[in-house]
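Consider the two complexes below, in which subunit A is the common component and subunit B and subunit C are the respective partners.
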Partner chain A sequence: MSELGRLALFLGFACSIFAVGSIAWGLRTGYSGPLRSGRRAVWTVCALALLAVILLERALLARDMSYRYVAEHTSKDLPLHYAFSSLWAGQEGSLLLWLLILSAYGSAFLFAYRKRLDPFYDAVAMVIATVMIFFTGLLTFVSSPFRILATPPPDGMGLNPLLQDPGMMIHPPILYTGYVGFIVPFGFAMAVLLLNRSGTRWIEEVRRWTLFCWGFLGVGILLGARWAYVELGWGGYWGWDPVENASLMPWLVGTGFLHSVMIEQRRGMLKTWNIALIALTFELSIFGTFLTRSGVLTSVHSFAESNIGPWFLSFILISGTAATALILYRKALLESENRMDAMISREGSFLFNNVLFVALTFATFLGTTFPVVSEAVTGTKISVSAPFFNRVNVPIALALLLLTGAGPVLSWKRATASVLKRNFVLPTVMGILAAGIAMPFGAEGVYPLVCIFGAAFVVTTIVMEFARGIQARKSSETAALPAQVVHLVKKNKRRYGGYIVHTGIVLLFVGVLGSSVFQKEAHAPLKTGEALHIGPYTLTLRGVTERQKENAILTTAILGVERGGKLVGTEHASKALYSKSQQPMTEVALHWTPAEDLYMILGGVNEDGSASIQAYINPLVSLVWGGGIVMVLGTLIALSDRMRIRREEKAG
Partner chain B sequence: MGNSTRLIVMSLVVIAAVGYLILTGVKQTGMQYMTVTELAGLDRAPKAEGFRLDGTVAPGSVVYDQREPKLQFKMTDGKENISVVYEGLMPDAFADGREVVVEGSYRHAERAIYASKLVTKCPSKYEAKGLGKDKS
Partner chain C sequence: MPRLMPRRSATLLAIVFLLGTAPFSEAKPRDPAHAITSQLICPCSCGEVLSGCTCETGKTMQGYVENAIKQGKGKDQIVGALVARYGEVIRGAPKPEGFNLLVWVLPFAATLAGFAIAFLVLRRMVRRRAVIPTSQGALVADRGGLSPGRTLEDDLEALRARAEAELRRMRE
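Moving on to the complex of A and B:
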């Protein structure tokens, strides 16, 4: 069976090369035959990748220890669902998942445009197939998942306990769906340049593909944060760790692009800039995979050190150079059709937004790679961590929050003084009011107050926009308010979907503010019956139990949680000792309320029988996850807007 | 002033502001990345405050008071070693011989790092070792 797997990957490699060659030939000569064969080759790679995944899954589920990959990442006592998800526990399997998603995007793309005979779409498929060559090549020649052991061990080494978590079953596939998806916008951009195409219809298509993977990437990042929160047991969810930063960077640039693309659609400006942003987003998602997988930088999330680093770096270098060269070569195509009329306008605010997003990405990139950069420049290795990012990124992010409110209510071309007055006075008043109300609750310092001001400012502008939209339609409507809101959103899904995403962002900011600035901590060794006080809570140790789980021994401290003298729950903070690795794993107890999380960790059991308990109060964490859900909702609404494409198709 | 000039001025202002943030950020929060031997070899107290060290936990050196919680151990790069004091829970993957990264301030008189952050690299035994060769 392993030979079949290897054969599938090798055929995939051959088919990818064939697809690129055949489409290139078809584009050159104008024959449609080679284009059709090329399309079929892309489908074939997808089928072959699927076959390889099925073969590897079969081996994983059967715990066939003759496979090196299976022996490295599973064991016989591993629960079946984790055996399934160990496909993406190691490097070879992750690369295979990458390839599967990549070729699925290629096929989905060709399926979506199967009725369009324009060779432009074949050129996009060619770019996707070029990336497929890289991944099938890696999987065939450098990092094969189908290596067979000379002497199969009686049992495998087991799955890293950190990865034995329900979140880890969905986080990597969702993150990859985001990462990998940026290949499609990249393909569009390169195809435009290769074929020297003008026109803006592709821009709307790119926007939709970008929105789709941007949404997945965002969810993937938040799921990763959630995993860190419940699994790593340090009381937080984001530590500016290199791997976290790696996933954030393409998301930031992608967000910038989703804004500036509107200027291009509306005013035919910023074409070079937009194509550069698309290319950068794609390169950063490859860079993210590289960071996660190569182990160049120390990270809590990286589970391997390997030999594929140079391959990824070369790939980034070559594709980045090719993209830059193409942009320069087609400079004439990317001439701006309009000029900026005024800085205080929608365009101006979007431009400002873009500069800030790129600056934020740059700061994150620099901070992440600082040891490497500083060694190259000054000869001494300097490293920065969370305090650096809090210092540099927080003010930029706050400036972006303020722009979130200001941008959408500035008019295109030029905002007049009356517009400014109409749109800004109320939000500013509400912002100052909110900051004033928050002050007695302990909000102090510039950044927290700016954050609260900004949040109220943005929410007010959004409410005003909705109110104005409803008012404009009121003459003919007498329906109830919720129905009117729904109707309004349906009328312009893109616009109001965007506002809903903004609302999610505001929730996220408030959640981050609450849980970072107002976190409380307490710890103590407790004997049965003793209590630990933290904030309004009293935690009483009821006892410590020990029991055998499937592949681990679980020590659990049972804690009675009281708030204001009233019992509100019984929580279980545990430590699991995995039999395979003899590694302890903290299992956090979370007492969840909408306003705050009570987060409890069992440090261990002492010789005298007391249990060391550490507890945190993390206010408003639920807004971080809730904000994420609202953002997904807004993204879905914006994505469901097909009107514009149809309208443009009719016009074209 | 034309709009393109204004645009350039705006970008320059943003770049200058971000550059300022980055420079002061590095200055105030940057940590010297050193090997254990380099740090142990210093004969005077270093000027820099923050340090970041890679190394392994010297076997048998770990003293852990779970009640505080306070973790003390010696970190080694095979040649020299340095004491590490960390006030916090022992990370799950922490054990003798594991690769760790510590960040914190160095007290030359005690030859010890007072760590504010302790990251344990995932044990390499999860990766290909001890499984023997491939079938050719």
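Moving on to the complex of A and C:
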């Protein structure tokens, strides 16, 4: 079976080359035959990638230890569902998943535009197929998941205990769907440049594809944060870890693009900038995979030893240089059709918002890669972690929050003094009021107050926009307010979907503020019957149990949780010792309320029989997850905006 | 007055970003030990920030910091001792000196440069729009979607040629 897997990948490689060559020939000559063959080759690569995934899954589920990948990432006592998710536990499997999603995007793209005869869409498929050459080549010649061991071991090394979590079964595929999806906007952008196409129709299609993968990437990032929260046991959800940063960077640039693309659609401006943002988003998504898979983060030396690191770096350099060269070559095509009317306008605010998005990405990129650069230059190993990012990224993010409120209420073209007064006075007053009210509740320092001001400012502007929309329509005077809001959203899904996303962002900011600045922490060794006090809670240790759980020994502290002298629950904080790795893993106990989480960890059992209990109160952390859900809702609403597009298509 | 704008904006931005050096996580330190451990990294391979680290090494280090504070040692003294033992890698953020100063300066410098460039680009675009000469020497303030720096007749001619070319292509 391993030979069949290797053959599938090799054929995938050959078909990818054929797809690129055939489409290129068709585009050059104008013959439709080669274009059709090229499209079929893209479909074939998808089928071959699926076959390879099925074959590897079969080996993983059967625990066929003759496969090196299976022996390295599973064990016989590993539960079946985790054996299935081992596909994305290691480098080769992750790359195979990348290829499957990439080729699925290629096929989905061709299916979506199957009725369009314009060779432009073939050019997009050609760009996707070019990236497929890289991944099939990597999986065929450099990092094959179908390598066979001469002497299969009796049992495997087991799956990393951190990955034995239900969240890890869905987080990577969703994240990858976001990451890889940026190939389609990149394909569009490169096709426009290659074929020297003008017009703005493609930009609406790009916006929709970008919104789709941006939404998936956002959900993937949040799922990763949730996983870190419940699995890592340090009381937080975002540690500015390089892997987290790798996924955040394309999301940030993608967000910037989703804003500036509106200027191109409405005013025919910032074309070069938009294409550059699309290219940067794609390069960052490849860079994210490079960062997590090349070993470069461990040290410069492990990068040099990595079998895929240099290949990825070369691919990023070549594709980045090619994209830049094309942009410069087609500079005339990307010239603005309009000029700016005034600095204080929505266009102006979007431009500054883009500067902040790119600056935030740059700061994250610099902080993530700087340890390697510094080690290479000075020879000394350093760390650039949360303490750095909290100082550098937070002020930039707060400036973005303020612009989130300002941008939508500025008029297109020119914001007059009366517009500024009408739109800014009330939000500013509300912001100051909110910050003033928060101060007696413990909000101190510049950042928390700016965050509260910004949150109130943004929410007020959104409410004002909704109120104005309802007032302007005057269509359903008798309808209840919620019905009017729904009607309004339905009429302009894109605009109000965007406002809902902004509401989600505000909730996220407030959640982050509450759970970081107002977090409380207490720890103590407890013997049975002893109590730990934290805020309004009293945690009493009822006892410690030990039991075998599939492939781990689970030690559990049973904690009675009282609030104001009243028992509100019994929670179980555990430590799992996995048989294969002998690595102790934390299993957090969470006592959830809408206002705060009581987060409990068993540090371990001491020699005197006491249990080390650590507890945190994380206020408003629900808003982080709630904000994420609101953002998804807003994205779905904005994505469903098809009526206007259909109208435009009929008209034109 | 218009000349003052960039200077004012620059000053405002400088103030905003100088505030950026005030650490967010230290806005309200919970206790002296947390103020120290939240700025350090666990020296084992876990790589977690020490204040939230649950590994054995992390717990030992947290105990060390708490004991050192009880003994009356100051933050600099404790951090200095740990750096001497484990190296610079234990700091969660590098000291802003020498080559490592770059990582602190570049993000803010890049942001300010980005703002300055965006400001200049915007100003140039606004000025260009305000004064676009026609062939008659008159000034046109608003020309919709037409190309800058060319006459209306030029644009009309170009549009006519494009329309004809497209019609020809459609007939073919």
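Simple rule for what comes next: the second predicted complex is superposed on the first by the 628 of 652 C-alpha atoms of A that agree within 3 Å, B and C clash if a C-alpha of one lies under 4 Å from a C-alpha of the other, contacts with A are read in each partner's own complex, and residues count from 1 in each chain.
Definition applied: contacts are C-beta pairs under 8 Å (C-beta built on N, C-alpha and C of every residue); 3 or more make two chains touch, one makes a residue touch a chain.
From a predicted model like this one, the values you see are computed outputs, not experimental measurements.
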Joint occupancy of subunit A by subunit B and subunit C, clash or fit: clash
Touching partner for A:447 - first (subunit B), second (subunit C), both, neither: second
Which of subunit B and subunit C A:162 touches, first, second, both or neither: first
First (subunit B), second (subunit C), both or neither touched by A:342: both
Contacts of A:411 with subunit B and subunit C, given as first, second, both or neither: neither
Subunit B versus subunit C as contact partner of A:200, first or second or both or neither: neither
Partner chain(s) touched by A:428 [first = subunit B, second = subunit C, both, neither]: neither
Touched partner set for A:150, first subunit B, second subunit C, both or neither: first
Touching partner for A:380 - first (subunit B), second (subunit C), both, neither: both
Partner chain in contact with A:516 - subunit B first, subunit C second, else both or neither: second
Subunit A positions touched by subunit B in one structure and by subunit C in the second: 233, 339-343, 351-352, 355-356, 359, 362-363, 366-367, 370, 374, 380-385, 387-388, 391-392, 395-396, 586, 601, 603-604, 612, 614
Partner subunit C, residues of subunit A touching it in the complex: 232-236, 239, 241, 268, 335-343, 348, 351-352, 354-356, 358-359, 362-363, 366-367, 370, 374, 377-378, 380-388, 390-396, 399, 442, 444-448, 516-517, 519-521, 586, 601, 603-604, 612, 614
Residues of subunit C touching subunit A in the complex: 16-17, 19-25, 27-28, 30, 34, 38-39, 41, 47-49, 52-54, 56, 59, 87-94, 98-100, 102-104, 106-108, 110-111, 114-115, 117-119, 121-123, 125-126, 128-129, 144-145, 147-148
Footprint of subunit B on subunit A - complex, ascending: 68, 71-73, 147-151, 153, 157-158, 160-162, 233, 298, 300, 302-305, 339-343, 351-352, 355-356, 359, 362-363, 366-367, 370-371, 374-375, 380-385, 387-388, 391-392, 395-396, 523-525, 581, 583-586, 601, 603-604, 606, 610, 612, 614
Residue numbers on subunit B that touch subunit A, as the complex places them: 3-4, 6-7, 10-11, 14-15, 18, 21-22, 24-26, 28-34, 52, 54, 66-67, 69, 89-90, 92-93, 95, 101, 103, 117, 119, 121-128, 131-136
